[in-house]
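In the two complexes below, subunit A is the common chain; its partner is subunit B in one and subunit C in the other.
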Partner chain A sequence: MATTMITTLDRSSRAAARGLSDISIRNLFIIPTVLFLIVFNIFPLIYSLGYSFTDFRASTNAPANFVGLQNYRDLLNDPYVWSNFAITAKYVIVSVVGQLLVGFGVAMLLNRDIPLKGLITTLLLLPMMLSMAVVGLFWKLLYDPSWGVINYALGLGNFEWLADPKMALYAVALTDIWMWSPFVMLLSLAGLSAVPKHLYEAAAIDRAGPFYTFFRITLPLVAPILMIAVIFRTMEAFKTFDLAYILTSQPTAELISIRLYKMAFQEWQTGRSCAMAYIVLIMVLAITNIYVKYLNKVKER
Partner chain B sequence: MAHIQLKNISKTFGNHTALTGLDLDIADGEFFVLLGETGAGKTTTLRLIAGLEKPSEGQVFIDGVDVADWGAAERDVALVLQQYSLYPRYTVRENLEFPLKPKIRRLPDAEIKDRVDRAARTLRIEHLLDRKTDRLSGGEMQRVSIGRAIVRKPRVFLMDEPLSALDAKLREALRTELKNLQIQLGATFLFVTHDQIEAMSMGDKVGVLNHGRIIQTGTPHEIYNNPRDTYVASFVGSPPMNLIDGRLVNGRAVMAPLNFELPFAGGAKAGAATEGRPLVFGIRPEDVYLESGAPVEARVHDVENHGVEKILTLRVGDTTLRATVPARTDVAIEQPVRFAWNPDKVVLFDKGSGVSLRHAG
Partner chain C sequence: MRKLVTSVLAGIGLTLACGTSVYAQEKSLTIFWAEWDPANYLQELGNEYEKETGVKITVETTPWSDFQTKAFTEFNAHGDAYDLVVGDSQWLGAGSTGGHYVDLTDFFKKHDLGNVMAPATVKYYAEYPGNSGKYWAIPLEGDAVGWSYRKDWFEDPKEKEAFKAKYGYDLDVPKDFKALRDIAEFFHRPDQKRYGIAIYTDNSYDAMAMGFENALFSYGGELGDYTTYKVDGHINSDKAVAALDAYKELYKFTPPGWAKSFFVEDNQAITENLAAMSMNFFAFFPSLINEASNPNAKNTGFFANPPGPNGDQFAALGGQGISVISYSKKQDEAMKFLEWFIKDETQKKWAALGGYTCSQAVLKSPEFQNATPYNKAFYETMFKVKDFWAVPEYAELLQQLNQRIYPYMIGGSGTAKETLDALAGDWNATFKKYGRVQ
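== the complex of A and B ==
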């Protein structure tokens, strides 16, 4: 059965009266968007690829010299950059695993008949709706060593969450978990409510215990949608900038995007930072690809 | 194997009453069929026995023990649902193993394999064991879910319309298979259906359920030949029993608005009390026959040819009744015919209550 995707222009319409054809109307809608994308996304992307092979500095008038793969070579040999990558990896793992546990756990709690379920769900979603910068500023107040609520509540005295070299990264991750667990929760809830109720009944009849039911029925059925949550959150966590930048200036919490920002706009190593951005891009693409492959495998089963 | 008893069960969902004052007694090793229309409360009854619902009132006994506080797992029942409810993403073998694998009552691997293989052989699904469940046809899926029930050797099998999603041929085949399986296992079966043919052909006993009440319990023979009221009479049998309003006058059945008379054999037995009282006469279509010298004239309103037989709709005045006649009977629509009935087979119902006089007795 052939379905027509395009509705043909009514000959008596005003557009037709002005001499517009289907194709010209299509162009009218699409061309501005495409132009916008080219000018603001694709052009800078390619242009920066060019810069990544030069020693260009945006702060001087000195002409850019072509240096080949020198930037890439330097970056990949720089132990500081590697330590940034290690910090980022740690951050991604902690925050994504945390969000997954908290989000899925809360979803399991909410996936039953409880009073005010709708209201509770909506309230739990609120952190996700806030702006990153606002969340960062709020949590900075909460973490404050001398008059922050967290130290007061936990009785930790003057513990410096954000200035403690060991703790700073985890403090940022904790904030991220607080903000984005609702997102995982929302996806998990959708997945959980899609598990047919009669499967649970069949499992109860088959005398399966709660753990057995969870690992043999619930988890396999929710896995694909959890994978999607993990993909989104990993990508986001990998490029976290604002939250970490606002919360802490500890070198132990210097994520790759902060390093990149400093390199580009404080040290003005424009060419090198372009190369760095490309390395990050390739990494994110690679990780996402692995996930998507795995996701397809999970779905197939 | 178990004996199941329901005592005075009522179940309400909010302000909807599903079951009222239900009593049911299913003997050990019996194939009991619960028959009723959609919404009659059949599934609710089943779920109460399985322990998936709690009764609002009344008690459930399994082997004489009140199981009110027992969960589904402790009751040791097997449930086969209409929608198969196989565990997705697992193979047929994994599905069959599922009930045997929980850690608490984990069986030895050899025993699991043995049971699964035996169940697969019984249901003829051995060749499917390594296939994923979403690659199966409806009939195969239903066999697997029955298989998952039998590997466990439960005390009771509960089946909720397991055949109704299947096509006609397969339904017939599985009907026989299920009955054979029950005889082979000697297990107690409670089978729920809205299909009276399934009920008649499979049940040792049939319970007819209407609006949350058991109307009649009995062997298929009793239900068919001696329905307790006009509801059972019209629900069981295809085509259903003819129900005609009339009175008994001098041992003859006089149909009130139609003005035709037929002899009635039980006239003397029915006694004077029924004389002249408004009644409903029930007669099965196969007990209505055409004969040239028969007392009543009718016109053929419709002919349904079923191959082995023809179902005629006869019209007298503006009331119709059905008659099953041999296929070779040569009739045309609007042709005048004469018919009679088998006076021994007539069932009398009270016009007001609809209850059979034999049962009211």
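== the complex of A and C ==
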């Protein structure tokens, strides 16, 4: 089985001359990866599941006591945690929808013959190549009510983007949209250029309007790749930490990952934060599964 | 292939061997602290120690925002990267009960440090639990929250006249919290891009707590009873409610966007001509009298936290003691350094370099008090300071305080009484969880 899965080794190659078989080469590549995964991913994952049923605190020498489902019960009864989830959901929706609209829109604009298309596309990709922390720090300056460029350019006076409890979350989402729309744009562009040209020609011959062409040809054919963008961006947005942590400390913008960080590394409630991490993990898994099911459905069409 | 593996292994081995041999030859100590000016002064002091003894002192720093996280990550892993740590006063509980700090009680008694150092610094930087006679740190950097103000704005005759006409008394350094509020209101002129006052509002660590404590303690309020851990009736007393309202009132007169401000922003308020008065730790004042970092250095004055309506005058304590980390392999060397550090000459040098000594003798000396415009205010403050809870679960208590007070202060939700009642409930539940109250 294993030998049929991989290309057989060329007998005259250097590897073959050294007496390495196909299987040993395969093992050489795969075993370190599997070991790495087990040591750094699987083992901590299972170990922390154990901790989530205890009152363990990493900052003390006190032994961990088994408390059963107490941590989960407390967390799911904590109104602050629920509000963190609600904030996160709002953030995910706003930022992913925003990125989708902007990213796909820009991709539509770029999907034609224009001069310097390559250069424009490359320049548009710059935001997503920056580090999240750096983006957070300079957007904090851009948003500043006293000397920020944004208020100056929009003539908003002293509008407090980050200090206003109602605005703070949207300000973070806006930064995220600026940063990650290029990612959606890139995927959409790949999808758009793969749409066969003859379909558009056929539509033109049939005198189909631009809306009809868009909704009946372009969108359905790009949908699978857009779904992939949505899955990636949803997972990432759900996990957002650095950007929000740097930009604002408003409780109305406290995402679940920030709460988790505080619980784990400021309060050192190790057991409880493990339980929280599991709750988040289950939620992300559930959401991703729904998407994947939907993606498969879209592909079947 | 085999040759390659052998040579790589040999290379790694050689590197390791070289690394450890160099390490073993030199005597050295690593002190961990947050990234700020006093850490640089400590490094200079350490260089003096190296000249005298040949032991190299390295002060390692990390930004304040992750100082606590990084230090405790190292402690929890029982790492020996640092030999000494200049830890925050709130860490004493976690550091001592967690077994991270070496017990310094004998050292303390041998050198009679209880009388050498200022009483408040011994109580808050060194002893845990309170009144137990057990000591875990040597007071190193005394610190408390004080105020800086714009002398040129305060002394302008036109302003003085207008102020007197409006409030009926002379414009001067605020005599109490009411005057603090009035002056803040008086100078709050958003149309001129000038604002009344800069206060702490950041809710990510202890900024908000420190700022609120300044009002709370001067209003005669308390966080709770430090021996019985009873909080109901203390943190939500009438005095505490009035203090929270007074602190929230000050927020009205802050520059725009003042919702996540701590020491950096508060010093900027003075250097960038934003505010008439600014709250900050004394440790950040040296840069305000330096013309290179503050264009208004000549026009910046300082005062101690003013009294509340009943004449109580206190301030929130900052500052740190230095502790020996129990996982260090060079504890003997570290103790020798501490013996050198507590000498009177060293303390004088420390103060001259810019460190805030806790030594009573140095603090009381006229040469210290006249050395800078703020040393006198510092000396006065250090004898009337109070601190936050120092129990191992202090971070949870801080988080609960931020969680309750921030939405009220910044978002304006609820009332002061509701806020503090809820906080008392949270704290009581936390103390119950850790078995401190029934």
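To be clear about the criterion, the second predicted complex is superposed on the first by the 269 of 301 C-alpha atoms of A that agree within 3 Å, B and C clash if a C-alpha of one lies under 4 Å from a C-alpha of the other, contacts with A are read in each partner's own complex, and residues count from 1 in each chain.
Here is the rule we use: a residue touches a chain if its C-beta (ideal position, glycine included) is under 8 Å from a C-beta of that chain, and two chains touch if they have at least 3 such contacts.
The structure displayed is predicted, hence computed values, not measured ones.
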| task | Judging by the criteria at the top, classify the pair subunit B and subunit C on subunit A as clash or fit. | result | fit
| request: Go through the superposed model and pick first if A:Q266 touches only subunit B, second if only subunit C, both, or neither. | output: second
| query | So, A:L162: does it touch subunit B (first), subunit C (second), both, or neither? | reply | second
| said: Quick check on the superposed pair: does A:R216 touch subunit B, subunit C, both, or neither? Answer first, second, both or neither. | reply: first
| said: Quick one: is A:T122 in contact with subunit B, with subunit C, with both, or with neither? Answer first, second, both or neither. | reply: neither
| query | First (subunit B), second (subunit C), both or neither: which does A:S24 touch? | reply | neither
| message | Contact-wise, after the overlay, does A:A202 reach subunit B, subunit C, both or neither (first, second, both, neither)? | response | first
| Of subunit C and subunit B, partner touching more subunit A residues | C
| message | Taking the superposition on A as described, I'd like to know which of subunit B and subunit C A:N289 touches: first, second, both or neither. | response | neither
| remark: Smallest inter-chain Cα gap (subunit B/subunit C, superposed on A) in whole Å equals 51
| field | Shared contact residues on subunit A - subunit B and subunit C | value | none
| query | Touching subunit C in the complex: which residues of subunit A? | reply | 18, 57-61, 80, 144-146, 158, 160-163, 165, 248-252, 262, 265-269
| task | State the interface residues of subunit A toward subunit B in the complex, per the touch definition above. | result | 196, 198-199, 201-209, 212, 216-217, 220-221, 301
| Along subunit B, where are the residues that touch subunit A in the complex? | 50, 52, 71-73, 76-79, 81, 83, 85, 87-89, 98-99, 101-105, 145, 148, 152
| note | Touching subunit A in the complex, subunit C uses residues 1, 68-69, 72-73, 75-76, 94, 97-99, 190, 193, 202-205, 255-260, 272, 274, 392-393, 395-396, 398-399, 403, 406-407, 410-411
